[in-house]
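Shared between the two complexes below is subunit A, which pairs with subunit B and subunit C, respectively.
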Partner chain A sequence: MLSKLAEYWEYPFVKYALIVGVLVALCSSLLGVTLVLKRFSFIGDGLSHVAFGAMAIASIFNITNDMPIVIVITVLSAVLLLRGGQNAKIKGDAAVAMISVGALAVGYLLLNLFAPSGNLAGDVCSTLFGSTSILTLSKFDVAFSAGLSLLVIVIFILFYQKIFCVTFDENFARATGTKASLYNLLIAIVIAVIIVLAMNLVGSLLISALVIFPALSAMRLFKSFRSVTVFAAVYSVLTAALGILVSILAGTPVGSTIVGIEIVTFACCFIIGSVGMKKAA
Partner chain B sequence: MKKIIAVILAFTFVLLCSSCKGSEKGETAAEKNTSAKAAEAVQTAVDIDLTKMSSTMVYSEVSNIMSEPDKYVGKTIRAKGSFSENEGYYFIVINDATACCQKGLEFIWAGDHSFPADYPEEWSEIEVSGTFESYFEGTKQYYHINNAQLTTV
Partner chain C sequence: MAQLICEGLSLGYDGREILHGINFEVNAGDYLCIVGENGSGKSTLMKTILGLQSPLSGTVRTGDGLKQNEIGYLPQQTIVQRDFPASVREIVLSGCQARCGLRPFYNKEEKALAEANMEKMDVLPLANRCYRELSGGQQQRVLLARALCATRKMLLLDEPVSGLDPRVTAEMYALIEKLNREDGITILMISHDIAAALRYATHILHVANNVFFGTKEEYLQSDAGKTFAKEADVNVE
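Then we have the complex of A and B:
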């Protein structure tokens, strides 16, 4: 196995995949804790479908490097969903569901009407399930993804206290002078960026797994916000790296392999957590 | 904090153990497969042997060949996939791990062969090895595996 792995390591795209995969997994787990606590677990799914619609628009206009345009459209949708959430006429889960299915349907319709390549089913399948996109990244994609991931990590570390306050009690945060709307906007932008980056790794249908499994697994074992965040980050990085390596060695799809490993490890955390609670009682 | 470190270490250990177990089985199967094929395969020196890679690696490498073909010109490539013909051009088609995407590499079979009599049935599994070269049709540049040896798997 090690000789095979060493042989594959010679290929630059394997190194690129691991670098980007680990960074994206780290970012998604950091914000995943906030999203789960704010009851926005499904926003990842909704925004990834928006990103799919944006990719469809980019591909029918033959835009080779579609990442910037996809990020702009996804960020706008995230802001609409998270900022307008409390005062909007269509609220919460209904708004997410509407934007999610709407973007998916429009994206697929546009691709069907103005199909840029003969392999429509392949293009759609690749975007939805990630396929091997993480293993076919260009140098620009790697630099762009790594840069954005590092920016997300820096933002999270710098605004950790504020994000913590807004996550747990938004009204209390407002009362103590924290600009909750501003931080909600920041969270919305960062989430949209993570979703677009994560589409390369697991595809748009499996993104929610990357956001929720690390947070939920960590919550089974730990109680404080810091412990949960630290464990979720380590868990996410390890499962993503292991998933990429297993899929390369075993020839399985990257996205579903990562999610499969996360399901198994979540079950382990659930059992360990339950046993721990019984012992404590 | 000690609890976090202990749990993380335990997790790392479990993950590493599970990955080792899984891939030991994979290696045994791959070794058997490779030795069986080695007896049958044409004994030629190959720069890029796609038949010895996992399906995920094969598809990724073929994607890279297609996106940066000039890097691969002059190299000998061996690939396994499905045979396909389109308007007098012959392709070896390679699927990705999800089996939803395909990429085709054009090849020219060495020797004098006529289609369809000498060629394998469409979508039957074949192995092709030859030199990756570029050629022009009009002003457009294309790439193919030239002077290829073809075997039906």
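Then we have the complex of A and C:
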């Protein structure tokens, strides 16, 4: 097995895939806590469907490097959804449900009507569940993903304190002059970017797992915002790296392999957390 | 000039009015208690003062060197915070956020301020503990320390003693009184505890159909004051 790994390691694209996969996983874990606690998770879910619709449109127009356009569409929807949630005439959740299911249906419909490639089922499946192999990523995708991931990480570090404030107690932050709506917008945009990034790795149906599992596992074990964030990041990097290696060796789909590993480790964290709590009590 | 001036305020949600005709002024060093029944609009008034929502009509102005974002705030507990992973120190520090502006991290001065306020509120030994595992009284003191990081001039407290036992309640009142007397911090406090309101406050704002505002002595002479104090079974000497 190790020799097989060493053999793969010879190819540069395997290294690139691993690097990109790990970077993307790292980004996705960063905003997990905010997403879980701020009831933004429904936006995350909705956006992943929008991204699917956007991808469908891109593939109809035969745009090969579809990531930039998918990102633009997804970010715009994120902004709209957030506005809608605040105006609250149509209830936030309902608006998200409408847009996300709509995007999913229209995307699939368009693909059926105009799809250029013969392998429709395969295309749809890989957009929903992630590429069967991350090794099929184009060079452009790899560079683009790596760049954006780094940008997301830098933004997160620069705005970490603000994100904490706005997540923990939005009213207090607003009352003492923090521009909470601006940071909410920033959070929504970053989530949109993360979702498009993660789509290549695990597909649009499994993105939530990549975002939420690290945060939930960390919250079982740690109790300050910083330790939860750091643990979630480390957890995410390790499970993603392990998942990618396993999927290369065993030939399993990347996305579901990573999520599978995360389910198992989450269970471990859950048990350790409960035992720890009993001991403390 | 007064620190806070509310003129002709009327409050409500979605255009539906719940309170009108609110006029009052708060000067530096005042201790104003806001009393009134459940649902009469006390929290709404506080949110309006903080700029969290806009009044249906009327104005809220600050003066005497007080800026809108220099008001410390202790909210009525929200449920969102319940399972939030955050240490006491992180929360108290977040009160300094407004001072930071666009700077991404807290500087030495702000960290020292947070330590000093934790010390003052007697929560320094809890600094690394998880907020959600503290008792109600400890949580209130943590949030008060956070509010103190945000202001040196004025504190808005929304039912700071609800859910606390008598001893901790007394401690909390003593802390607030000390902030008012020794540090000269103006206090606006919502309270259902009419006895405490009459004991500590200099001014009373009674929120109801007929809004009353005046000094404590004026309040005790007014009809609203007499009825309310009697209902609450307070001996007014």
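The criterion applied here is as follows: the second predicted complex is superposed on the first by the 277 of 281 C-alpha atoms of A that agree within 3 Å, B and C clash if a C-alpha of one lies under 4 Å from a C-alpha of the other, contacts with A are read in each partner's own complex, and residues count from 1 in each chain.
In this section, a residue touches a chain if its C-beta (ideal position, glycine included) is under 8 Å from a C-beta of that chain, and two chains touch if they have at least 3 such contacts.
Computed from a predicted model, the values in this text were never measured in an experiment.
Within the superposed three-chain model, A:Thr178 lies in touch with subunit C and out of touch with subunit B [touch as defined at top]. Judged by the touch definition given at the top, the superposed model places A:Phe129 against subunit B, while subunit C stays out of reach. With both structures placed on the common chain, the touch criterion links A:Tyr8 to subunit B but leaves subunit C unconnected.
When both complexes are overlaid on chain A, the residue A:Val254 reaches subunit B alone and has no touch with subunit C. Of the two partner chains, subunit B and subunit C are each touched by A:Phe222. Within subunit A, the residues touching subunit B in one complex and subunit C in the other are 222, 227. Interface residues of subunit C facing subunit A in the complex, by the touch rule stated above, are 47, 50-52, 68-69, 71-73, 75, 78, 80-81, 83-87, 90-91, 93-95, 97-98, 100, 104-106, 128-130, 132-133, 146, 150.
Residue ranges on subunit A touching subunit C, taken from their complex, read 33, 37-38, 157-162, 164-165, 167-169, 171-178, 218-219, 222-228. Residues 1, 4, 8, 11, 13-14, 119, 121-123, 125-126, 129, 131-132, 135-136, 138, 221-222, 227, 230-231, 234-235, 238-239, 242, 245-254, 256, 261, 265, 268, 272 of subunit A are the ones that touch subunit B when the two sit in their complex.
For subunit B in complex with subunit A, the residues that touch the partner chain are 1, 3-4, 7-8, 11-12, 14-15, 19-20, 22-24, 26-27, 30, 53-61, 63-64, 67, 96-98, 100-102.
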